[in-house]
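What follows is chain A paired twice: with chain B in the first complex and chain C in the second.
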Partner chain A sequence: MHWRRHATGWAFTAPALAILAAFLLYPIGYSLWLSLHEWDGYTAHWGAFVGIENYRALAEDEVFWRATVNSIVFVIVRTPLEVGLGFLLALLLNRRLPARSLLRTLFFVPVVMSLIVVTLIFQRVYEPNTGLLNTFLHGIGLGAWAHPWLGDPATALPAVIAVSVWKNVGFSLVILLAGLQGLPQDVLEAARVDGANAWQLTRRVITPLMRPILALTALLSIIGGLKVFDLVFIMTRGGPTYSTEVLATMLYREAFELNHMGAASAIGVILVVVVLSIARVQAFVLRESGETEPA
Partner chain B sequence: MSTVAAASVARPRGLAGRRARAGHGAAWAMLLGALGLSLAPGLYMVSLSLMDNPQLFAGRVVPWPLHPENYPRAWVASNIGRLYWNSIYISTVSMVVTVAISALAGYGLGRIRFAGRGVVYGIVLAGLTIPLQIALIPLFMNLRMLGLINTPLALIGPYTAFGLAFGTYVMTGFFKGLPRELEDAARLDGAGELQIFARVMLPLTRPALATVGIFVFLQNWNEFLFALTFITEGRMRTLPTGIYALLSSEFYGNYPILAASLVLFSVPVLALYFLFQQQFIEGLTAGALKQ
Partner chain C sequence: MSHRPGTASGMSRRRLLRLGLLSATAGAAILRGRCAEAQIGGAQPTPAPVPAGELKNPAEFKAPRVRASSPTTLSFWQYVGFHVDVQKFIAEEYKRRHDPNLTLEITAYPGLNEQRVGVKSALAAQSPTPDIIAIEPGAYAVDVSTSGNVRDFTRVFADDSEYKRGFWPNALELLTINGAVVSVPAVTNTVIVYYNRGLFRQHGVEVPETLEDLKKIGGALNAKGIMPIAYPAGQDRNFPLFPYYTYLGGTRADKLMREADLGLKPWTTPELVAGAEFVEMMAKSNLYAKGPLGVKEPDAIQIFATGRSAMFWGGQWMRRSIRAALPPGFDLGLFPFPAVVAGGPRPVLSSVGITLTVNARSKYPELAFEMIKALTGAWGKIEYTKNLGLSPNGPIGAEAIAYQMQSLKDPLYPEFLKLQPTGTTRVLFTPTVEEAMTQGMQALITGAKTPKAVMESVEAASQKVGTRKFRTG
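Let's look at the complex of A and B:
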């Protein structure tokens, strides 16, 4: 009767597998294929086979390196802020507070807001003449700091990263708070009995215990950061002068504005390779702290 | 014994008590400051939506006098009724299909020990991490070939797939946690696998189904990149790209109207979130921490 059990298992998972194959596995293969060909996208079929020419051209393309560096900067700046601030707020919320559940709910609101809404609001916040930020700076006597935040290549990327952090802190907060609430209470109690103050307790006991969850939150943030598209695309379209161009916006521009389907597919393949490599690290980190297979 | 000791430590007096209270004050100040920062942009949007252009250009923060007529104007200008319908239709259909298929797959992966299960689960986990942008060009080319660009199907297919990895992952975890006894009892009564799934197990997973449903619906509702690429005709757009298109329309200069349409767009999402937030947050954290 073993075959019957196997067949049942496959029958239950077949619809999901078929859809994942059609919309995920097949596109990866297709992109890999396209990345080795030349194609402007106008003809019904791809053009000549060019080998690794698309990748070689990217390696010589200044914009590609700009986008790569920006993607890395985006992640390196965003992730510590997101996880650090999320952890700080989670620690502050992890006490018997009135309205704690309400606070958690409100902190999570930016996470559920649509990126187009968030982006258009912040465009208005950053607007040089009458935007909220510069108006506020003038109001508190710091008018000298007022700045065309998104118009200056030097401040555009930090300004976009700030929005990303603003939107995602609530996500880290909620996961880390759940982690804090799941910590073994007897260990914390023992440390308190031993006379540890709040700072020592946090530094020496809570933070080490939270390390796996902090690592998980950081990796989710890294992967999310590498995929970022909407935010940059709507806010700056990668500008001014490519100062906010990231890999995903470059992919879109190469494909649908410059009609370089081959080069765009190559960027997609590179993006997948990078993210899956990082996910491998994630799997490794998680194996240290528990199981990942369905048992 | 330890509880007695803890009680006396937990209630510090004198200098330590004062310091603890100062710490409390600082903690509250930080929390409320952060909360203000979290909520200010949203409130700013609502406030902008009630201004007129002169107030906006004067750099006002509080709208006065109020201009509620921005809302009906935004409704008409962006043809938002049509956009609502497209978004609701596409998000709901994809969500229902995703939930149904995730439930089946979750049952298979979580309760049946079949050969190759590890590979299937590996594909699901990969689906959680792979950047979806990789599918943009291949799907666009195929949809164009099939003549499906500018049809609801162009988005329903991909959206169903994009929620599937998360849905299957959550459902697998949930099914795995259900007790064996129910299943065994039903099996002794002669129930088939499909009956056990549909009559015995599925009703128990209602919280997980709701989590997946809400999460996937929000994801579909907010999706931008694929909607931007696969739908180019104004009438067929969903809300995010429809509102984005307003930027290049005659209303470009009229930010209050734009802000009003942003509020109209956000209301259903926020209502859904506040109604189900407990379930939503707990489902999400359970999913993340179970790994």
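Let's look at the complex of A and C:
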């Protein structure tokens, strides 16, 4: 009877497990094995087994470290902005405001817009000679600040990050707003009765209660930031001079432009390890601080 | 009373005289065309003016040697959407006239990157699809041919030497890997300088003959608040290399570059470093619109079309996009880049655009070759370039050009034909070298590195590749 009950459970979960194995576990294992080989991607059979040579070569590759640093910068800058702005907006839109529904919709519009459209729009915005941003700066007497935003290695990455924040802040906003609306009203009411002002209420009551939701939003933002590809690829292709190269664009370049499929797989494996590690560390920290594990 | 064109009955004396004149022009043009096979740098003949709609494609649409015995579909993967219509047209004509059983199914990927990924996956899976593959000259051609994934044209050319003679020799040279032609060009095209004739006239400047002239013009235009050249260096990884190729073409060092590309000469030789110095000089000269690495093609077109810049450095393939953006009355001209050294040639970067090859695992290789011959042969090449305004893959006669001009109606087209082909290349064969060059040129444009440092990094990348497993030309 006991066995039969388990068998029924396995039978119900088997399709999902099969899909998981076929489309997640097998590709990860395949990539791991491929990362230990040479292969140009044009033949049916892989090249020689090279052990950890691809990883060693990456460790000595200046571009890999540049891409790693850029990926980290991307995450470190993007996540606080995205979650912080999202939280502020959520707090604002959780109040009784005129046209609140309209504002919520407007902030969410960039999330549902096609990324291609967004990047094309911002390419025009950043264009150095006729772009909206420089034209605006000239218009308000700040022409000296006009700049080739995507053409200068010093500003290209911040410019791309700004677009990423603009595109994704609405997503954080929606999750955090849902979290705010789910907070226990009796606790908030008790704080008000005890004389807490708006700042104290937000800092001492709402923020601690929102920590699991904030952690979930941050985790999603970190993972999204680490695997960012399309935005960077379309806007700058990792340039100029690798100033916007991130791990995912380097992976693409190695695989499909330089025909180093083994090295590309090694980058993929490293990305998976980093993302899983961050998720586990975050879960551990939250558990240690007595919070519910978010994901 | 009107008569169908080409019918003998009712033909007027004036019309007969006109056709007679055309035949004489075409005869001379064909002779010139044949001579052009042996010479690199020859020009196409000037078309004879002809009333619209009266001429037909003068070339014979030759019957294939092999036909499909039952309904067969050939798959064709390419990456240039605006070529689809003409490819379909030629394939349908081929089906109608020669092989009713054969259909061409075209998949147009949105861009080269996407198509290359798709092709790579298909070839790695040993798929017989696609039968026909569009590839770029250079690294792409090397990759697919050295991996044994495509068939070469040795036997096709042996069976039909006239077909081979129909291509510009230097175009085939770019597609010759390890002694065999692995792909054939559908078109050829050039990189030139478009200019706003009206602005030039208005400010009293002439088309520059030399680099010094160009600098003077640049200074004069800048003084009047007009940016000299819109240069979309941010478009893709090829654009940042154009100034380098241009300099090497202008100093006749392009063959040396090819040798360096193949690992036979160092990239740090003075002639090749001089090319990097030229790139740096151009970036610092205030000749470009600001921040060229942040400028993409549509932006540059807008800058040029609105008169903010007087010149536009770009490719023949952009002619239609530029035309579409120009306001009425815009007087568009073009010229080859000025001579970069005293007494040197005016470099016109010349290359093949889309080229066609056959999957080694195709189930119908003979039919695929016949279809490619239809698309790129004597009749096909005239139809192919008739509406695109790109240069044909080989010489065509005055009558053919006149036929094309009936529908093309673009005064620039004959100008382009005069520039094609030259010996100057814009192709690199070694992917790692190409990548190092792209990054290096970006570093020069942004002032992040010195020319010497850039060429040393390219040389380091070249040495890392080691001995090449291929030779070209």
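The rule we apply is simple: the second predicted complex is superposed on the first by the 276 of 295 C-alpha atoms of A that agree within 3 Å, B and C clash if a C-alpha of one lies under 4 Å from a C-alpha of the other, contacts with A are read in each partner's own complex, and residues count from 1 in each chain.
Following the convention adopted for this analysis, a contact is a pair of C-beta atoms (placed from the backbone, for glycine too) under 8 Å apart; a residue touches a chain by one contact, two chains touch by 3 or more.
Since this is a predicted model, take the numbers as computed values, not measurements.
Trainee: On the A-aligned overlay, A:43 touches which partner chain: chain B = first, chain C = second, or both, or neither?
Mentor: Touch partner of A:43: chain C, not chain B.
Trainee: Quick check for you: in the superposed arrangement, does A:240 touch first (chain B), second (chain C), both or neither?
Mentor: Only chain C; A:240 stays clear of chain B.
Trainee: If we overlay the two complexes on their shared chain A, which of chain B and chain C does A:5 touch? Say first, second, both or neither.
Mentor: A:5 sits against chain B, while chain C stays out of touch.
Trainee: Pick one for A:256: touches chain B only (first), chain C only (second), both, or neither.
Mentor: Both partners.
Trainee: On chain A, which partner's contacts cover more residues, chain B's or chain C's?
Mentor: B
Trainee: In the overlaid three-chain picture, which partner chain does A:130 touch, first (chain B) or second (chain C), both, or neither?
Mentor: In the superposed model, A:130 contacts both chain B and chain C.
Trainee: Is A:84 contacted by the first partner chain B, the second partner chain C, both or neither?
Mentor: neither
Trainee: Have a look at where A:23 lands relative to chain B and chain C in the superposition and call it first, second, both or neither.
Mentor: first
Trainee: Is there a shared patch on chain A that both chain B and chain C touch, and which residues make it up?
Mentor: Common interface on chain A, chain B vs chain C: 41, 44, 124, 129-131, 256.
Trainee: Touching chain A in the complex: which residues of chain C?
Mentor: 113, 116-117, 120, 123-126, 143-144, 147-149, 227, 233-234, 236-237, 289-296, 298-299, 302-303, 306, 308, 431-432, 435, 438-439, 442-443, 445-446, 448-449
Trainee: So in the complex, the part of chain A that touches chain C is made up of which residues?
Mentor: Interface residues on the chain A side: 40-44, 123-124, 126-131, 147-153, 236-237, 239-242, 253, 256-259.
Trainee: Which chain A residues qualify as touching chain B in the complex?
Mentor: Interface residues on chain A, with respect to chain B: 5-13, 15-17, 19-20, 22-28, 30-31, 34, 41, 44, 85, 88-89, 92-93, 95, 101, 103-110, 112-118, 120-122, 124-125, 129-132, 135, 166, 169-170, 174-175, 177-179, 182, 189-190, 192-193, 195, 198, 213, 216, 220, 223, 226-227, 229-230, 233-234, 248, 251-252, 255-256, 261, 264-265, 268-269, 271-272, 275-276, 279, 282, 286, 290, 292-295.
Trainee: Sort out for me which residues of chain B touch chain A in the complex.
Mentor: 2, 5-6, 9-10, 23, 27, 30-31, 34-35, 37-42, 44-45, 48, 56-59, 61, 101-102, 104-105, 107-110, 112-118, 120-121, 123-127, 129-141, 145, 157-158, 160-162, 164-165, 168, 172, 176, 193, 197, 218, 221-222, 224-225, 229, 240, 243-244, 247, 255, 258-259, 262, 265-266, 269-270, 273-274, 277-278, 281-282, 284-286, 288-289, 291
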